[in-house]
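Got a structure for you, questions after.
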Amino acid sequence: MTTRARHEQRAPLLLAVLGTLAVIFFVLPLFALAVRVPWSSLVDVLGNEATTEALMLSIITSVITTAIAVIFGVPLAWLLARSTMPGRQMIRAICTLSMVLPPVVAGVALLASLGRRGVVGQLLNDWIGLRLPFTMPAVVIAQLFVAMPFLVLTVESGFARSSTTAEEAARTLGASPWYVFSRVTVPATRSAILAGAVLTWARALGEFGATITFAGNFPGATRTLPIATYLALETNVDDALLISMLMVMLSLVILVALRGRWIGAIGGAR
Amino acid sequence: MTTRARHEQRAPLLLAVLGTLAVIFFVLPLFALAVRVPWSSLVDVLGNEATTEALMLSIITSVITTAIAVIFGVPLAWLLARSTMPGRQMIRAICTLSMVLPPVVAGVALLASLGRRGVVGQLLNDWIGLRLPFTMPAVVIAQLFVAMPFLVLTVESGFARSSTTAEEAARTLGASPWYVFSRVTVPATRSAILAGAVLTWARALGEFGATITFAGNFPGATRTLPIATYLALETNVDDALLISMLMVMLSLVILVALRGRWIGAIGGAR
Amino acid sequence: MTLVADVRRRIGSLQLDASFSIDKGETIAVVGPNGAGKTSLVRTIAGLAAVDEGRIAWDEFVWDESGSGVFVSPERRPIGYVFQDHALFEHLSVLDNVAFGLRASGIGRRDARTRARVVLEIVGGLKFEQRMPSELSGGESQTVAIARALATEPKLMLFDEPFAALDTSARAEARRLFVAMANPSMSRILVTHDAVEALTLADRIIAIEDGSIVQIGTPSELLAMPRSHFVAEILGLNALSGQLNGDQLSIGSMSLTVGAHEALDGNVIAIIRPRSVSLHQTRPEGSPRNVWNSSVVAVDRTADRVRVQLGAPLNISVEVTPAGFDALHTEVGADLWASVKASEVAVHPA
Amino acid sequence: MTLVADVRRRIGSLQLDASFSIDKGETIAVVGPNGAGKTSLVRTIAGLAAVDEGRIAWDEFVWDESGSGVFVSPERRPIGYVFQDHALFEHLSVLDNVAFGLRASGIGRRDARTRARVVLEIVGGLKFEQRMPSELSGGESQTVAIARALATEPKLMLFDEPFAALDTSARAEARRLFVAMANPSMSRILVTHDAVEALTLADRIIAIEDGSIVQIGTPSELLAMPRSHFVAEILGLNALSGQLNGDQLSIGSMSLTVGAHEALDGNVIAIIRPRSVSLHQTRPEGSPRNVWNSSVVAVDRTADRVRVQLGAPLNISVEVTPAGFDALHTEVGADLWASVKASEVAVHPA
Amino acid sequence: GSSDQRSETTVVFAASSLVDVLNDLSNDDESAFVRAVMSFASSASLSAQVVDGAPVGLFVSADRQQIDELVAAGYGLSDPRVVARNSLVIAVEAGNPLGIQTLDDLTRSDLLLAVAAPGVPLGEYSEAMLRAADIEVSPVTFEADARAVLAKVVLGEVDAGIVYATDATSTSDVAAVYVPEADAVAIEYFALEITTTPGRSSALLNELLGERGQQALLQRGFVLP
């Protein structure tokens, strides 16, 4: 017997069936992968400095990317959802296009704008001698370009769904627009922001095409784990899989820890 | 002067600044790309059957993927958000892990489970002679595995935020769990579902690594546009960019059309 | 008995504990202070929550029983529920809100809409059938909530303060409708803060305080002998706790002479009707045995009467005619004399 | 005049058109049927919506002016707003809800909470200061909404049906508080459906119907001469439209003799107080000039009075004492005789 | 029906440097490649697909190791055949503005150099060449394949890159600088008939080795075996 409260809504059968199939679909490949991975060489792989370096770089850059995406993406989502700026539809579409670009092309677009010969990159290079490609910031930029739209879209849908009544109440209480935003709008949308951040982080962590195109592949600076895995697949499949499983397990821990903290604090029955 | 209603909330300055920077960040590379693309050869590229074939395949598979993701992902999201099944945290984390896997590894995982030698693939092959890899369904499976979590997470956050009062009202009116789900829960969460579907579609459309690994690269069957672009970069960068720009413009049209229809129909001022 | 409820349930710090039953066709009003557990009780009967302990049964069907674990989910109980906060479907028009229950029971869209229109017509909501809930005023939204619950012709209607947001005429109309709707096959539970509603619309009244039932009875039983201060207060009576000794009642520093009563020396509740107290500018002479000096704390004035709240030594409400009040030339804060006949002070055991 | 408002605004199919002003320290009640535009008016004054045409000014400051395009946003208007649906912040505790306005104005958390506790104490909400809004009952939530709006000590308070969800004693307490709060530096607008509230709490009453002001005046002015049926109804009076010819008033098929009045032959509104009508089992003899036979449509009974609604030929409410009612031995649907003195039928130009 | 057509067509797996040649052939109506379906990817993922049962007829790769493994695992119908050779060049911006002439020039400190990553065939060849010449370079990036190295040069992100000669000549955006040290590494393309789909693969192999195929390879800058 479960501890389910007696009055709680039973899952409609169809939902339960479809949802369960979805779970199986996700679990199966991961399970197969876990079976296939040569766990015995775990110690060797972990001792391999190149691997741990790539792992660290991936973690650091994806976290930085997520932070920047939140800082810039939440305001952008707000503008898209709430302001009446002209051309909003167009801007929204443009800001989500980079998701649709094949990542390699996204990398080319970044080179075309921020590369050594790029529209802006050339200026940066000539004026302050700043060269982005093949540096760690380039990795972050590539991830941002590809992953931030996930945050923007998710958060915008959150803003669109949250009622404006609480915001109105806050304004009548003398709260400035910024105060309303930070103390009412954002907390009321926190589950969407968290979901967006997780999506962005995940997308950034797995980013390969844009990164290798824009940032290249240099150990310690731009060789992220997906790149290391890709190259390892050419030479040593087992190592590559092992590294990936490490990343998966790391993510698992983070995901389990994160979501428990945020979701479910809302609501309550009378 | 804009036509903004006088009473509407002004954007806090900081938000406007951050949001605008984000817009510039997105627009710049696309602009640079558009400048670089040799529009003059548009007609040639469009006339190239291989290109249009890849474009069509991409569109078809990504749409199928999105549809399947909605059919299975929304129920899964509902179970994660609303049911009290045991191990919910764990299942949620597992179902989002495939986002974090480097796509190429995701492809390997799919081969390990659904490939000819895979845990399940072998059974399928032996029993009903079904071989998935290197077929169009394989493309869809690869895209699903990588892109569906985006829908699940977004929709789950939507369900978590939507109040259960309307659902309770529906139940007292005699609505079965399924009726409540389809007529109350889903409509009330439609903006999150739409956002999730767009994210999934976008991710599927740009999918490369898992597809080429699991489904291979067969013209007409599994060579999607990202794969075609990737290969074209070798021989003819300009063509590749042109194809990508086509895809971008197609997406632009779809995104602009889609969002205008859904968002913003909710609420209203008194 | 159609509904037999024995509900024990913990909600936050509140322990709900209520046993009662309802006859077929009967209307029961539930009154009680804010936070007493009225909404919680109704939600439990609707099946939106389960009892921790106890049993709810409808005719021969058990709806909810802690012992056996039986639980019938809300959609399979023949109920209608008008929520305190209306809970309209934001994505459906008014008409489709009302038609929802019919559609859910399998009736086609066209038929459901036709029948929904009939119900809307009855409650006076036809004029905004095409609006979305966000385009309704507070009262309009409540009207729709009532129509929606009625549309499925439930056997047990649960009304949670259904008239609170209605304007005077809509409320009068709604009450009239409520009376007209009474039919032998529908039982009704009406949560209300309005004494007039409870007294005129209900066959019996349940008074809840702090999760527990303090009194169940017909309106006249409650009027005759309210068992608590709150019950008296909601009925517009003054209830005072005191000690009775022979025919002398002491309430704080005051002493009142009471009229004929059974022998019940000790703690009693005294009931004084606001109308039975007279006010005077100067100390009155003559028959009333109870005369005291007091001050005016508040004055509530309507077209036909003025309610004067007196302060120490006896916190009671007094009702006088507007003419009578004007003749007093008094105001809030002023002093005056009050008197009440011994026969007008009724006492009950506490 | 502190607030001078001339509001013209379209909301859906409603054209709001209201001009009025409020003095410093004055309390204005806004009454009107559901959907009349009361909430819309208050929202416009709060700055949550702008006038289409017109002007709102506070002292020497213009808040909203269609001509010049001036618009002061809500956070810079010294207002407090108690929303009809409370609009509490779901993610903050009760205490932090109340402290919100203070925090927004830059006061530190500790100070803000201390002051919020004081306000909560005053409105009687201290006992649930730690709860989340989702854990409050309807009345508790309204209490918090009031406290939250009061905490910032606004100069203009806007109350949208603030007492609707409160229980009898909480409501009495809230009204007392409302009176006590009156201070020369705070003006107040109170939207209400309750005649007692409007009459006792407000200095002046604005009656709105269909977006337009039908009457502004002090409670006694409105009582003396309600300008519309709705106004009469909310005040508990009977208002009847008819044609006056000399001292004969014809209302439908009925003809009544009226008392002393100015010469105003033609269309008039006649006001009859429910108390001034007498009911009889048999045709009464004697002085009243107006006697007619009617039937009982509805009966509202409270502790101290019974309100009887009569049907054709004259739809009016009559109030009698419970004893008087019982002596009639009547019930809904029964026939009886009604009489009213000519001097009790007041007429005003329509 | 379509299943007939499918059985008639033969799948060719090929290293991506062969894209142009094979495309040229399949555009020639008289070629056996008209009926062939080409699939290009990295040698590693192609051979993984072979192992996973992809319906491949012919596998052409520059990666000796992968081919050997397939043969060892029994996927070869016959021994692998060398169909073409390639060589390494330095790809520089068109016009060679920095005047790069020798391998030594790649050590200039102001010069940005891209090479292929160790592990992929091109990376291994490049390393072998540099090792043989005893030259230490410090590239800014180790790219995944020849295509990526070339793209970096084309886009101007690096000044020079080590690529296959055939790649450098495929576009006018770069110039190829031939260095004698390149002769030290022999780059051979092997063709292997795969067992999974025996059929018309021999016709394809014969054509590659024959007049028409060799001509096409020559045209695209390959050296004949």
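Residue numbering begins at 1 within each chain, and the chains themselves are lettered A, B, C, D and E in the order written.
Basically, contacts are C-beta pairs under 8 Å (C-beta built on N, C-alpha and C of every residue); 3 or more make two chains touch, one makes a residue touch a chain.
In this text, all values refer to a predicted model and were calculated from it rather than measured experimentally.
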{"item": "Subunit E and subunit B - chains in contact with each", "value": "A"}
{"item": "Classification of the subunit C:subunit D interface as same or different, half of numbers criterion", "value": "same"}
{"item": "Interface with more contacting C-beta pairs, comparing A-E to B-C", "value": "B-C"}
{"item": "Chain centre separation in whole Å, for subunit C relative to subunit B (CA means)", "value": "54"}
{"item": "Euclidean distance of C-alpha centroids - subunit C vs subunit D, Å", "value": "21"}
{"item": "Separation of subunit D from subunit E, taking each centre as the mean of its C-alpha atoms, in whole Å", "value": "87"}
{"item": "Where subunit E touches two or more other chains at once, by residue number", "value": "45, 48, 151, 155"}
{"item": "Subunit A, residues touching no fewer than two other chains", "value": "5, 9-10, 108, 112, 171, 176-177, 180, 230, 233, 237, 266-267"}
{"item": "Two or more partner chains touched - positions in subunit D", "value": "39, 47-48, 73, 85, 135"}
{"item": "Residues of subunit D defined as touching subunit C within the complex", "value": "12, 32-36, 38-39, 84-85, 128, 131, 135-140, 143, 161, 164-172, 175-176, 179, 193, 195-196, 199-200, 219, 223, 230, 233-237, 273-275, 297-304, 319, 332"}
{"item": "Residues of subunit E touching subunit A in the complex", "value": "42-45, 48, 112, 114, 117, 119-120, 139-144, 148, 151-152, 155-157"}
{"item": "Subunit D to subunit A touching residues, read off their complex", "value": "46-48, 73-77, 79-81, 83, 85, 87-92, 100-101, 103-105, 132, 134-135, 148-149, 152, 158"}
{"item": "Footprint of subunit B on subunit A - complex, ascending", "value": "2-5, 8-19, 21-23, 25-33, 35-36, 71-73, 75-76, 78-79, 81-84, 86, 89-106, 108-110, 112-114, 118-120, 144-145, 148-150, 152-154, 156-158, 160-164, 167, 171, 176-178, 180-181, 189, 191-192, 194-195, 198-199, 202-203, 205-206, 208-209, 225-226, 229-230, 233, 237, 240-241, 244, 247-248, 251-252, 255-256, 259-260, 263-264, 266-267"}
{"item": "Subunit A - residues contacting subunit E, complex", "value": "108, 111-112, 115-117, 133-134, 212-213, 216-219, 222-223, 227, 230-235, 237"}
